[in-house]
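Have a look at these structures, which come just after this line.
The same chain A turns up in both complexes below, where it pairs with chain B and then with chain C.
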Partner chain A sequence: MSRLREWVKAFGPADWLLVAGGALVVLIGLLQALGVKALGLGFADVRVPFVAAIALTILLQAIFALGLNVVIGWTGLLDLGYASFIAVGAIVVSLGLVLTKQTPTPYPDMPVRQLVLTQAQRALEPAPGGEVVVRERPDLRFDVVQGAPAVLAALEAGDRTIAARHVGGLTLPVGQATARGEQVFGFPGGYFVLLVLAGAASAVMGLVRGFPTLRLTGDYYAIVTLGFAEIVWLITLNEEWLTGGAFGIKLAGQYRPTVLGAPLYSDTWQYYFIVCAALALVVVAARRLHASRVGRAWAAIKADETAARASGIDVDRAKMLAFAVSGFIGGVGGGLFAIKLGTVTAKQFDIWMSILVVCCLVLGGMGSIRGAVVGAAMLMGLGELLRLASDEGAVGRLAIPPEARFLVYGLILVLLMRFRPQGLLPPREEGPPPAPDELAAMRAAASPLYALPPTAPPQEGAAT
Partner chain B sequence: MSAGDLEARGRISERLRALHHEHGPPGETLLEVRGLSKSFGGLRAVNEFSFEVKKGSITALIGPNGAGKTTAFNMVTGVIPPTSGSIRLEGAELAGLRADQICRLGVARTFQNIRLFEDQTVLSNVMVGLHRRLESGLLAALLRTGHARQEEAEARAAAARYLDFVGLLPRVNDCAASLAYGERRRLEIARALASGPRLLLLDEPAAGMNPQETVELMALILRVQAAGITVLLIEHDMKLVMEISDTIFVLDHGEEIARGAPAVVRSDPRVIHAYLGVPD
Partner chain C sequence: MPLHLAESGWSLFVLTLFNALTEGSTFALIAVGYTMVYGIVRLINFAHGEVYMVGAVTAWWLFVTPQVPLWLALLLAMGVCAALGWSLDRLAYRPLRNSTRLAALITAIGMSLILQTVVQLVISPNFQSFPETTRATVKDAGIAARAAPDPAAAEVGELRIGAEVPVWPGERPTDGWVPIGWTRAGETEPALAWAPGASLEVKQGLPAAVNADLLGGARIKLPLKDVLIWIAAAVMMTGLHLLVQRTRLGKAMRACALDRTTAALMGIDVNRVIAATFMIGSAMAAVAGVLYSVKVGGNISFRMGYYPGVIAFAAAVLGGIGDLKGALLGGMLLGFAKAFFATYVRSEYDFAFCFSVMILVIIFRPYGLLGRPSAVRA
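So, the complex of A and B:
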């Protein structure tokens, strides 16, 4: 308890801000769990699902940033292809979910969650997005509706066969219009097993990429990571039998894993808290690693590889470890991201995604755990705000194209380089000089395991 | 230098000499180098250089700039691989090993252009030096096992010990980059000592130091020797070399031109020529 009190006493303004942010994140999750859809705050109505979606974007980005931080911030190697690790994680999880689905059990009265009409989509009239409630049947709710009114009517009547037959004159497999909660993943907790597998797969990829590049540093290393990410991207795009190519892997209702009694969708509180817990775990792991022998070895490599070698650090081994750890975190993050995406396609994991993660680190402060989280919060939060502004009529008359975000990111980074090149929250290394009694205690505690003459002969020359 | 400084210097020298002799004469060979050569393209930086370092001794490697001293150091510590020749540490062959493997066998070094981990604290720098003597890996760190925590606490205590040894303990929490020049040298020595070496290589430890700092450095080197650690050093400060070395090897153009006790080397005409040029 007293340790906690001391820890809190050392808090600076930035720490309090982080605590407040964390509390807000948990609060949003609780509201979601309680089923609150909107909060009237006097000046504005806050739509909880919308805020939760922004929070999720930030949380996931923070996980990515912390994963990349291991290689860029701690080991000092510029990795410009981190999106490929996220992509591999996302693909492993979605493939795992698709491959391990159970035979569907129809529950005709379950509210229909999502209507997926892949092949007939082009034959259909564009239908409005967003949430739609079917008239006179408020229990049937569509979050994403892609289908003709006739289909909706048929569904309303509870006849899926008819619904399928009505679509643009095409016959569709009825199973594609699946109800939420119909399918469960093979075994309980299977999603978490898949997350670990995703992490492992990305870690292996990190090793595969890392091994031939052990001799490279600086720009050369960055170019290789760029090229490698491009290879992964092209494979994802072209190997349709594995990744679905440009269409990607769709996590339709029957492939959603069940966690805590509900199928996992991006707007469920279960998913929200899984992501929160994952970020918390990653933060704890990062803190522990940073303060360990392994973390010191990475920092030494970043500072001076030659001196690190001369100090007995097996640089190759330590680097491989960093690649594996970084890959693992990215893979797990990707596995979480897959649920949010719903459809995992190659185009989401392009160079911009990699660059954005790097930007979070630069903004927050390289090598800083708090910085990675704050950087992610600021960039992603800002991105969502700009997206809001770019939605026609959302904010006054501002109509900014969505791509303008990158212009603003660029501007922020330029200003940062000019006024605060170390980032917003750079790692704190220095401490106050020890008090005389602390010094005495340190001298007394010196371990006999590391024998040297107990004390220096008194310094007769004046101390410099 | 004031008269008081000179006096202090004299007193230290006396004490150090006593310490030195108390430790006893050097015994068997710790490091044996035979026919060590290094070519960079057509340049023969070190040519068939052989020398040995007696256990417990202070051995100096001197020679004019560009003589190949640092290249020899780099080969002994695995920074660069030798073109040919053998380097044996108590019978174990070092040639062909990586720098970290050589460090693990008990050879530590400092660098001519000080190589600290600049943005880390003084304590962290020494903790990195302890790396090879600690065991905790990834899992132990993630789970923060009892063993890992105990090891970490011991390592901090040990690092404090090494800092105390070089007189930097009060600066334990400072950033390495904030240290003064002489302190930086001493921190580098503390880091090297932390790896628990049998042989410590110092590459121009007194370079850039004022006379006062040099005297303190000499005291430090002799204390390292008194701790049972053999020292091999490159140095241009002849006062330091002559005062504390047991044996001196003189290198010029990559080849040995003289060896022996300080008194012998000092009067060797070839050494004088190498440093001052041949009289017309």
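So, the complex of A and C:
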């Protein structure tokens, strides 16, 4: 407890801001989950509104930024192809979901007591062939066979549906629809297994890319990662049998994984808290890694690779580990991202996405965990605001096209490098340097050689 | 893909060869800018591909909107790009000359993003092209007189306002003349005569000579626009070679590439030399951008500079970075690789093949084909 107090005492304004932001994020999720519960509705149809959608964008971007930080911030290598790791993660998860769909078990036409329309139907134009969930059995999803006319009839009747619409669901009176369906991905926790697989696949890709590039640094490393990412991008775009090409893999209702009794959509509270938990895990893991022996090795490599090699650090191993960790986080992030996307198209994982992640790090401060999170929050928040402004023309007559945000990103990169290359929240100093007598004591403890009288300056010289 | 895969045998080979020469010349022209800048400043000017793009876009805009002739548009685009290269160096790179190379590279990426977005906002994200033929838009309906010199005129039609009509080569309608449509004997396309009486708006197209076929063969075509790129590449590379080897500025460039600090101590204004390098490289990229878009058609957009830019960097590395002859060699090799891969293997993966070549070269021979291994690797 006292350690916690110590820790809190060291907080600066930025940390309090982060804590407040984190609390806000959790609050949004809780409000949504509880608020809808209080209305007497189930969990299957809980929709987290617009604010939560923005929060999700930020959380996911923070995961990407932390993953990339391992390579850029800590090891000091500029990776311009991080989007390919996210892409591989997203594709592995969506392929896994599509492939592990259980054999369709046809149900006979059955009267449904109550229908809740899912996200796909929210446009109020339900068509036959849409999907429907039965309240009592959220693990079952149905294709609407005769439901559509019933939905329309209910809408015309103007009953409870309108009230229910406000929380995003659409509830129909008993016995109005007939549905025929099949059981979906029933294997509990299957999604998490897939996430780990996605991470592993990306980590392997990181190793495959990392091994031949171990000797490269600086510009050449950056341009090789860029070329590699472009090759992956072209492959995912052109190999339609695998990735669906330009159309992508659509995670229709029957492919959605079931978590805590509800199919996972981007606006369910289950998904929201999974992403929150993932970010928290990544932050904790990043802190631990940074403080570990490997973290020290990375710092040494960043400072001077030759010196690190000379002082006995297994540079190759440490670098490979950084590539694998970075890839793993990117893959898991991509797997989470797939659910939000709904349709995983290869096209969106392009160079701009990679550069956006780099931009988050540059803004927040390369090598800083807080910086990565803050950078993601600022850039994605800004992006969403600009998108909002262009959608609704909220910013007066100043019609800002959504592409304009990339102008802002570019300006951020240029101006920060010019005026504040360490970013807004650079990595914390390691504390004040030890006082001379303290240092002497530490040296004496480390090696008897240092215990020699301090009147022998050549040793100092030799040590440096 | 301008080539038809229905072609076969030696004609396909020859067409691919022409294509490869064109691509290679383009890459070489861009690669020169990379290699000169890298040779002196040790910076991957990531925005160089965008300079190429700005060159093409500027010339296209000048050609389409103020209707400037093509040669003038090309010259103006070169000027604009030289100014752009100068300001890139002055505003973005020079302040960072003494900071880390990572910072400079990130700045270059930022400039690239800014240029791309600005162009996208200005000309819309759609693909544009130099209009192939001159076309006239009718602003006023009606026919004043039948001025057709052709006795075989089959029909005289009234043209709607807003209708867009092709203009015959050699005829340049002006305001005050109204188009009259008829069909020439033996031709199905309606032709036009011009009679006084109404207004029309003329949009110029590429000169017919540019599209003209130099070989005139039935199966093998060699349009002038390909040859233009070859000539431009040859002339500009020779000129640059002479500039670097024979002039004071060239000598200063070589000195800066060897050792910037010592060059400064010898009284060379290093910043001026670097600015000149950026301007020359940018002007050459502009030539590549304009001529290549004239050749290909329909490729002008804010993203057109990205792949050629990266491939040209690869070309510079392949030939040995900092070496002008290396840029030419590397550009040609990658142009051949791309064209032949596209024709004979899979056209979707032509750029992916180039990227693979680049990665392999950087990993196994980072000093390039003409370079020598050095202790300090970039």
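Definition applied: the second predicted complex is superposed on the first by the 331 of 464 C-alpha atoms of A that agree within 3 Å, B and C clash if a C-alpha of one lies under 4 Å from a C-alpha of the other, contacts with A are read in each partner's own complex, and residues count from 1 in each chain.
We take it that a residue touches a chain if its C-beta (ideal position, glycine included) is under 8 Å from a C-beta of that chain, and two chains touch if they have at least 3 such contacts.
Not measured: the values here are computed from a predicted model.
**Student:** Going by the contact rule set out at the top, does A:Met442 touch chain B (first), chain C (second), both, or neither?
**Tutor:** First partner only, chain B.
**Student:** By the touch definition at the top of the document, which applies to A:Pro13: first (chain B), second (chain C), both, or neither?
**Tutor:** A:Pro13 contacts neither chain B nor chain C.
**Student:** For the three-chain arrangement built by superposition, which of chain B and chain C touches the greater number of chain A residues?
**Tutor:** Comparing touch counts on chain A for chain B and chain C gives B.
**Student:** Once chain A of both complexes is superposed, is A:Ile231 in touch with chain B (first), chain C (second), both, or neither?
**Tutor:** Second partner only.
**Student:** Applying the document's definition of touch, where does A:Asp304 land relative to chain B and chain C: first, second, both, or neither?
**Tutor:** first
**Student:** Just which bits of chain A does chain B share with chain C as contact spots?
**Tutor:** none
**Student:** Which residues, counting only chain A, touch chain C once they are in their complex?
**Tutor:** Result: residues 76, 78, 80, 212-213, 215-216, 218-220, 222-224, 226-228, 230-231, 234-235, 238, 351-352, 355, 358, 362, 401, 403-404, 406-407, 409-414, 417-418, 421 of chain A touch chain C.
**Student:** Using the touch definition up top, name the residues of chain A that touch chain B in the complex.
**Tutor:** 285, 288-289, 291-297, 299-300, 303-304, 306-315, 321, 325, 429-434, 439, 442-443, 445-447, 449-453, 455-457, 459-464
**Student:** Can you tell me which positions in chain B touch chain A when the two form their complex?
**Tutor:** These residues of chain B touch chain A: 5, 8-9, 11-12, 15, 19, 77-79, 98-101, 103-104, 108-109, 111, 115-121, 124, 127-134, 136-138, 140-142, 144, 148, 151-152, 154-155, 157-158, 160-162, 164-167, 169-175, 178, 180, 182-183, 191-196, 212-213, 215-216, 219, 223, 226-227.
**Student:** Going by the contact rule set out above, which residues of chain C touch chain A in the complex?
**Tutor:** 43-44, 92, 95-96, 99-107, 109-114, 116-118, 120-121, 125, 306-307, 310, 313-314, 317, 348-349, 351-352, 355-356, 358-359, 362-363, 366, 377-378
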